[in-house]
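Structures incoming, each one as structure tokens.
In the two complexes that follow, chain A is the common piece, with chain B as its partner first and chain C second.
Showing the complex of A and B:
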């Protein structure tokens, strides 16, 4: 059964890619390509759920393919199955959405390439959590990176897109180099590069070697996950890519960075000393707060969402770090709880961030711009997109009664046992992490009030927004699908938690018990610190709103609503220019956190020639200091460029000189071999 | 106590809070007026206002969408939901298992979020200004609330409100421990910020460039304004109840009985009146802070909360 599902998954994605290449822009070809992607996603989802539901761990070997490096080896355990489900959950709605969304590229760009790359990207992404040896893993990983690079380049006539692609490719290849180093370090003492052998070898290696492998893997996977300071590609690549691709990259691909960290850190290395957890908590909390702070300042809706992904990955890594730390402190119960919470948030973020990117894409499709200062009034013009975006915004802001609230609640609860440990350093760290998490939640609510409020409410601020029309059916189906996933993940909080709890316990080793959430309507966290009932919160809020409406209708006056102009202190007529803009909305927080932002403002007022009291135009430009680019990446790139120029001296253009280099290299190599005595 | 009487009591508590909330606002206004040598409106004035608002025609901006009309219901319901979780008269209550402190905090944030969206919807610059500022204050108050609450939870070994109260009653000496006092101060500052009182916001003005909450709800009228005003009063009552019953839990009934409940009601009303008097004194004696000084006040409260949790950690 499992083998059949895998064959269906690989076959469907492959057929989808082939259909796209052959059918190209023809409607039949595009339909077949989408059908392939949806069928592949569905098969992956089934395969993953089967294993998660308690099915056997399943393996598949093809040693002859790439035989030199150990062949293809697949194995699906609970952790891999969880991430396979996550891929399928977002992939199917996003692929459907792509049908309508990509019509705008028809005639300008090749739809063949887009359809094929999308299917190959999904195939590679689905294979990453299945890989069970280094070569399979790296092939799938690199396939995922390259296919997504081509997807980012879809709109390649825009100069910005090419720059975004370069940043993305650079970060992902540097990440790959670190991963290679980590796996080679891990495999140095192992008989083969199968994960099973690496596990054994890791158990016997020294603490320093394990620490080095962990640090290398953290850089490699952190660059994919978008941890600060390795996040620089996200706010560039996500806006440049087509929106359903952004949804997949942000909802799914960056989560595989989390997967890799769990796989290498907990499964292969089996956890480590407390500093691993502390490092992850610091990086996670920093990413969460800085990510949401930068999200607040964005006026580009897709860049805002990209920074919000940095924030959410930070929260996930914070939970993962707490899991690592508690395991190192021999507290398996809290460790399992923290990991279960982090995994639940991972799944939730995939659903609502996917939804928000699809809805943002629908806004872009309708208005032609990503600049929120040119949106407004879209809730009336886009009657499907508006509620979908609102649902995603409530969920991502961590507000009840949606799924984001339940996972954030659990993340808070999972940090609490840390305050109780005897080590003051850990206790203080946990308190600060709690404060950071709470600040992040508050700022995220503010950021998404801005994102939804400025984009969808009040009067349209541009002609494009005024003439916006709702997206075609396929795009609406994709959005509604992910909105339903958000609602489902909230309604099914208890079963989902039981599943993530089992996955977490599996990671912590055979001795760890899965955190038990008492059955019934409410659940109690394993440490007994808190009780909460998702059902009561959901039913209470929804029922309460209905009840309030009925009571107010009975009590209030029967006179119908009267519609009138917005009141404005006696001014005549209202224009969109009087509305608050996205920039203005975030201005108080820009001032409060000016130490972080280092804002520079430039106001030029053009007066009337006859009187200074009449202003003809005002130009306002504000920017914030891009710390990481200026103080980390620019010096690094400059250093690389300088090194390159120095190396240019070697390249004389003369064949004799090159021959001399070859001979020199040979002599040095032989000399080394003679000295070390290696074969 | 049996389940049925427990639920009946929870419902009764919620109705009591609903009934008391406008009176609390009226009491603060009356006390302020007296202290400022004015006669002041009677304490029951807010009830008359609510009745009048419900009876009046509702005017809605032509720019506003369905969200503007939906938001008051969300704001009211989420605040009322918090009341259901609170230990007002007795502990433990069956609905205590439905949610803890964090659920309460996030329900209030949900109301703030929808009100902020509703402020933007009519497209008026006042609404946008109020909305932006309200979210700023809410975001900055969030860490203080969380950390101060966890300082209490750490002592009680639970974040559920009923258990915190039960624990404080079992160990009365802890109520005057440094951790509790610091957490109380932090929560008091946050209460002023979250409920739009001086020195953060001025509830008595409607058209000043310094206002926050009133600017945001400027476009509401009729039944919607009644809901929003009632919810705001209820939010103040929620914060007062948290301060009154988490930190000074005496009087809260531990078993059901007419005498115990009557005593609990009387002490509860007395505690609310005392807090109202403190707030009235503060509002009379203090000037409003400039908006950009508010973050400093909130960071002071955050530091107090951090000290509170450190103190609870040390004194365990």
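Showing the complex of A and C:
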């Protein structure tokens, strides 16, 4: 059964890619290509759920495919199955959405390439969590990176897109180099590069070697996950990519960075000393707070969502770090709880960030711009997109009764046991992490109030927004599918948590107990670590809203109701120019956090030549200091470029010089062999 | 850091409200009465929105005197607000000019009920020297309903306070 499903999954994605290549321009070819992607995603989803539901761990070997490097080896355990389900959950709606969305590229760009790259990307992404040896893993990983690079480049006539692609390719290839180093370090003492052998070898290696492997893997996977300071590609590549691709990259692909960290850190290395967890917590908390702070300052809706992904990955890594730390401190209960919460948030973020990117793409499709200052009033013109975006915004802001609230709350509570540990450093760190998490949640609510309010409410601020039309059916189906996933993840919080708990316990070793979440619609673990009743929250919320409505109605019935204009300083005629814009909304926070942002403002007023009382135009420009680009990447890139120019001197173009190099290399090699006495 | 250094060096410079100085008793009494009436009527301190409907700014100087160090009406809870949405009472000055007719009406509409209007200065009642000008629509009560007129060109701050008190004591319009 499992083998059939795998064959269906690989076959469907492959057939989808082939159909796109053969007939990508034709409607039938595009329909077949989409059907392949949806069928592949469905098969992956089924395969993953089967293993998650208690099916046997399933393996598949093709040792002859790339025999020299160890062959293809697949194995699906609970952790892999969880991420396979995550891929399928977002891939199917995103592929459907792509049908309508990619019509705008018809005639300008190759739809064949887009359809084929999408199918190959999904195939590689689905194989990453299945891989059971280094070569399979790296092949799938690199396939995923390269396919997504070509997807980012879809709109390649824009110079901005090419730049974004370069950033993305650079970051992902640097990450791959670190991963290679990590796996080579891990495999140095192992008989083969199968994960089973690596596990055994890692158990016997020294602490320093394990620490080095962990640090290398953290850089490699962190660059994919978008951890600060390796996040720089996200706000560039996500806006440049087609929106369903952004949804897949942000919802799914960066999650595989989290997968890799769990696989290498907990499964292969089997956990480590406390500093691993502390490092992850510090990086996670930093990414969460800085991510949301940068999200708040964005006027570009897709860049805002990209920075919000940095924030959410930070929160997930914070939970993962707490899991590592608790395991190192021999607290398996809290460790399982923290990991279960982090995995639940991973799944939730895939659902609502996918939804938000699809909805943002629908806005872009309707208005032709990503700049929120040129949106406004879209809720009336986009009656499907607006509510879908609102649902995603409520979920990601961590507001009840949607899924984001449950996972963030559980994440919050899973950190609480850390305050009670005897090490003062850990206790203080946990208190700080809790504060950072709370600050992040509050700022995220503000960022998404901005994203929804500025885009969808009030009056349209541009002709494009005023003439916006709702997207075609396929795009609406994709959005509604992911919106339903958000609601389903909230309603099914208990079964989902039971699953993530089992996955987490499986990672922590055979002796770990999965955290139990008692029935009766309440999260209650035996040690009393986490307490929350979703039912009570929902009843309280609905009751509160109903009560407010009743009180307002009772009060209003005693006083006559009067309708008046919005107060606009008594001006005659109110125009959209008087509205709050995205920049204006963020202005107070720009001042509060000016130590982080270092904002600069530039106002240029152009007067009438005859009188200073008549203003012809006002130009306002505000920018914030890009710390990481300015102080990390620019010096690094300048250094690399300088080194490259120096190395250019070697390439003189003279055959004699090249022959001299060869002779020199030979002499040095022979000298080394003579000294070491090797055969 | 400069701020903290200055705070340390200078210390507390404001003085607490003592017994009223000679000649000030009337005013203090008046302001306290306004505050008491406002609390009775609205359940809280009084919020005033000032509308200059075309005045020569003489009345504005006197109104500004209300918030100055002698009267300092803020300490009794009479404060000027930035939006009619927050106001209980509109203080309108000057003859209503053509340009200010619509804004004045809009301001009145934007003020939540129950609300009061006090027209300050002779111009608000009679248009004063601006009477008959092509730029003037007329007195304030031609545009919005007025509860109390305060005469004077310009009226003293104490007179304005008495006008506000009179308005507060009037039975409220529905």
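In this text, the second predicted complex is superposed on the first by the 634 of 679 C-alpha atoms of A that agree within 3 Å, B and C clash if a C-alpha of one lies under 4 Å from a C-alpha of the other, contacts with A are read in each partner's own complex, and residues count from 1 in each chain.
In the analysis below, a residue touches a chain if its C-beta (ideal position, glycine included) is under 8 Å from a C-beta of that chain, and two chains touch if they have at least 3 such contacts.
Treat the numbers as computed from the prediction; the structure is a model and nothing was measured.
**Student:** For A:435 in the superposed arrangement: first (chain B), second (chain C), both or neither?
**Tutor:** A:435 sits against chain B, while chain C stays out of touch.
**Student:** Quick one: classify A:39 as touching chain B (first), chain C (second), both or neither.
**Tutor:** In the superposed model, A:39 contacts neither chain B nor chain C.
**Student:** May I ask you to decide whether A:565 touches chain B, chain C, both, or neither, giving the answer as first, second, both or neither?
**Tutor:** Both: A:565 reaches chain B and chain C.
**Student:** Regarding the shared-chain residue A:85, is it in contact with chain B (first), chain C (second), both, or neither?
**Tutor:** Neither partner.
**Student:** Between chain B and chain C, whom does A:557 touch in the aligned arrangement: first, second, both, or neither?
**Tutor:** In the superposed model, A:557 contacts chain B only, not chain C.
**Student:** In the overlaid three-chain picture, which partner chain does A:582 touch, first (chain B) or second (chain C), both, or neither?
**Tutor:** Neither partner.
**Student:** Of chain B and chain C, which one touches more residues of chain A?
**Tutor:** The larger set of chain A residues in touch belongs to B.
**Student:** When the two structures are overlaid on chain A, which partner does A:356 contact: first (chain B), second (chain C), both, or neither?
**Tutor:** A:356 sits against neither chain B nor chain C.
**Student:** With the touch criterion stated at the top, can you tell me which chain A residues are shared between the chain B interface and the chain C interface?
**Tutor:** 559, 562, 564-565, 567, 569
**Student:** Considering the complex alone, what residue numbers of chain A touch chain C?
**Tutor:** Against chain C, the touching part of chain A is residues 559, 562, 564-565, 567, 569-572.
**Student:** Quick one: in the complex, what on chain A touches chain B?
**Tutor:** 376-377, 379-380, 386, 390, 394, 397-400, 405, 408-409, 412-413, 416, 419-420, 424, 427-428, 431, 434-439, 441-443, 445-446, 448-450, 452-454, 456-459, 522, 528-533, 536-537, 540-541, 544-545, 547-549, 552, 555-557, 559, 561-569, 574, 576, 578-580, 584-589, 591-592
**Student:** Name, in rising order, each residue of chain B that touches chain A in their complex.
**Tutor:** 54-67, 69, 73-74, 76-78, 80-81, 84, 95-100, 102-103, 106-107, 109-110, 112-113, 116-117, 120-129, 131-133, 135-136, 138-143, 145-147, 150, 153-154, 157-160, 207, 218-219, 222-223, 226-227, 291-292, 295, 302, 305-306, 309-310, 313
**Student:** Once bound in the complex, which stretches of chain C touch chain A?
**Tutor:** Interface residues on chain C, with respect to chain A: 83-85, 102-104, 106-107, 109-110, 113.
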